[in-house]
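Think of it as A, B and C in the order they're written, each chain with its own count starting at 1.
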């Protein structure tokens, strides 16, 4: 116990160490505050939009007498609410969509729309807790631990200390453990302080803390490994920063390049262009050319395919659906490719502990690729439900009624 | 006979601690003066004041008629300096080190001249082209002297140049110094080696706690007097060592 | 004397295996960055050209068709790959690459390459610019941390000054060597990158001269960055007693200013001036479109009608002529609504880009703390991959949209009198619709748009140099 107190005193008198710990604490606090504010802003936007969404539909429902018009003009907001832990790892939420306004037209044209976020910031990435803990903290730990032995060696106390200590390595272990622990505390403290009042569950916070601790412990072991060679402090420091560059920058870059090459994706643009051509061509094609592939998918409306007028809503919605059908193989390949890429990245991330920790936190925060794809699936399901709601009404030519409108599907959010 | 080094009421205080107190001393050409004293007696402070590494609190250090604080560049151009540890660039050879220091002092000598100098200070021709990382202390001191010679310094300041040298290397170094003095140089050497000082010096100054307490001629120092000087003056002072004050 | 210092420093670097090894690693990274940059940019350029050709073929071969129906299908404006995207891809993969020039609607750019890219932490967005901004500082720090502090520790500094060397000269010599080595690495990277871009210069509308000027501009700003880095490194090395303390402090500064602050500044800017989400953006735009439309019998509306018809006919109308003209009234309505809506669309987009500019300004202010931020702005601007370059493309595409939609509306208006929407343009009409011939802005535009970033970086360079020499003259403690 007195040993611990002595080491704490020792740490307290090391101004450089206090500086790095102070920076770690500051960085963690700022990242947590910024993350919480960002998530609060996203929630506020969602709340407003949901409110507007309901209000608008209420007005629209009184305006149109034809199901075609109703389906054409009525938008439905779909959204992916941030989880209570999303503040710590904003993940894909700045590059992938987390809300769409959907209507019963061709879906593929609507689902890839993205926000008008500043692309500069998407490029740079967010200053969230995951960044602080996974990329900055290892560097700070390196600055804290690089010269535990080499400093004593330089000062000429190493032999004396080693000879005096009861077991080999024990004074270093205590000193390094204290510093590593202090750094972990500087990170985890603000995470809990921000997370608990923000509603993040204790179990998630415990798991996240575990990720932080394991990751920091990994870097500690790297420091120990480098220290064993008995180099001078500057050489240690250079080697450790080199290791950081390799593991946090170069390996992930190599993973990215190789995954892109290994799992080719159909161009996202191709999907939209093909779909747009299909939908547009339909205007000039014979009506049967649209209705046939439509009936293949929806045989239940085979008796209603007669289109007498130059324009009929049922035909319009049929060719919207056929547009989606045309790009289905592409869209499926795109979807599968993204899953494939994500899986491969997941396995290769084991080569880069910072990337692995980042992925773990995004998984805890539901801000990873899987969450993005899950949201996309929810939108697709909702869109399907919309179509299934409108088709009978369009094809049978039923009159618009309040009772019928009340049966229209509503998007269910994923709020916990 | 011209006076090349002169301290006039030279005083240096570090906060409350006076490292050098009203030193009056002169060294003429062809003369070797040794400053003797314990650690912290003020020897290194004196040399630092002549080199302009420190500014005097009062008084003046004068090199060949030039006051150091008035024209540092001019004063330094006449000085050669050999510290206790001659520090050289380990990645460069002896010759390259010499060349570099000479050029930085504003001079330029062609290679044969520099080799001649290394020869003159007794460095093997083979060693001149080796990296100094492997040099012994004696070899480094020789390079230090060669640097001083190359710039044509009229006054040499040496700070404990003999400590750590083996006896034969120290003998050779002293022989070299004598030769330089005979050729017209003024040599001021700080040391705590009483015996070498008696052999080498023309005059010996005894310093204690920043004050020059005695000036002796070597002839006056017989065995008994040596012992007396040792007992009186050569144990460590209680004053703070100026090197720690500087840092 | 400076020559001697430079010679000696270079010899030391040459004989020190560590420095050479480091240079080797940096070289390797640059080659890696260059090859991936070139590979992706070349592939993208081929895709763009192919897509353009396909789009053109489909449009020209659409046969007899109602022009308004064709205006709905319309054309795609493909953004060419920026000349130096292989050096700094900037925001290109985070911005849409294609704008659909549809009637009635000014669409945002679509297809961001980033959406389907595997992602780990954004740090891996590897490019030469990325390598240079992140690793040049490390190279400079590792070459320079011991340059003064190390000489002081070894005692050589004392000896040098004692033998009459001027501290300023010493500093200058070391400065020249460290900055020079870093600059050599930089120059090689920029030269290779620019040469490759020159070789693959296609019909993308960039001139070779412009490319060379861009390369030189990049060389200049990264050179300034090196000046800042070297001066700060020497300054710290001078003020700190021991070399290892200098290294520790410098790496700490690197962590904070190069790794941390650029990201922090972005997050702060986003929170102070939040970007509108797309739903709100369109909601607001739709509202202002509505508010901006005059009632169809109002004076304002009629004035626009006259203007539209006069432009189509190429002559002024007599006072009562409008009502008697034999024209397709449906097409006139379409074109009038295009003209009226343009204003609201342009205002909405201008506001969006103005908000990006506000965010950028805030980051500029924060670049007082880290020159890396100003450098990032400049690097993207000179590479032609910043938001400004995108805005230029977006404006030109909108102009093109107005032109081609007008061409189709006028065809229907003048030649389809009495036919309402049954009018079909002849198959050869499509060839008269102008092609989109996008000319990207020259480097001069980038110069003027990023003048403030340049000022900040210049200020950084001067301040760092001044501080170095100020302390160098005053305080080269031995």
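By our rule, a contact is a pair of C-beta atoms (placed from the backbone, for glycine too) under 8 Å apart; a residue touches a chain by one contact, two chains touch by 3 or more.
Not measured: the values here are computed from a predicted model.
J.: Of the chains present, which has its C-alpha mean closest to the combined C-alpha mean?
T.: C
J.: Is the number of contacting C-beta pairs greater for A-C or for B-C?
T.: When the contacts at A-C and B-C are counted, A-C has more.
J.: Which chain has its C-alpha centre farthest away from the C-alpha centre of chain B?
T.: Chain centre farthest from chain B's centre: A.
J.: What whole-Å value do you get for the distance between chain A and chain B if each is reduced to the mean of its CA atoms?
T.: Taking the mean C-alpha position of each chain, the two centres sit 70 Å apart.
J.: Using mean CA coordinates as chain centres, what's the gap between chain A and chain C in Å?
T.: Centre-to-centre distance between chain A and chain C: 25 Å.
J.: Provide the C-alpha centroid distance between chain B and chain C, rounded to the nearest whole angstrom.
T.: About 62 Å, centre to centre.
J.: Would you tell me which residues of chain A are touching chain C in their complex?
T.: 16, 19-20, 23, 27, 30, 34, 37-38, 41, 45, 48-49, 52, 77, 92, 95-96, 99, 101, 112-128, 131, 134-136, 139-140, 143, 146-147, 151, 154, 232-235, 237-238, 241-242, 245, 248-250, 252-253, 255-257, 259-260, 265, 267-269, 272-273, 276-277, 280, 283-284, 334, 337-338, 341-342, 344-345, 349, 352, 354-355, 358-359, 369
J.: Over in the complex, which chain B residues touch chain C? Could you list them?
T.: By the definition above, chain B touches chain C via 51, 53, 73, 76-77, 79-81, 83, 85-89, 91-92, 96, 99-101, 103-106, 131, 144, 147-148, 151, 247.
J.: Which of the residues in chain C come into contact with chain A in the complex?
T.: It comes out as residues 18, 22, 25, 29, 32, 36, 47, 51, 58, 65, 69, 72-73, 76, 90-91, 93-95, 97-98, 100, 108, 110-112, 114-126, 134-135, 138, 142, 145-146, 243-245, 247-248, 251-252, 255-256, 259-260, 262-264, 266-271, 274-283, 352, 356, 359-360, 376, 386-387, 390.
J.: Please name which positions on chain C make contact with chain B in the complex.
T.: Result: residues 1, 3-5, 7-8, 11-12, 15-16, 154-156, 158-166, 169-170, 241, 478 of chain C touch chain B.
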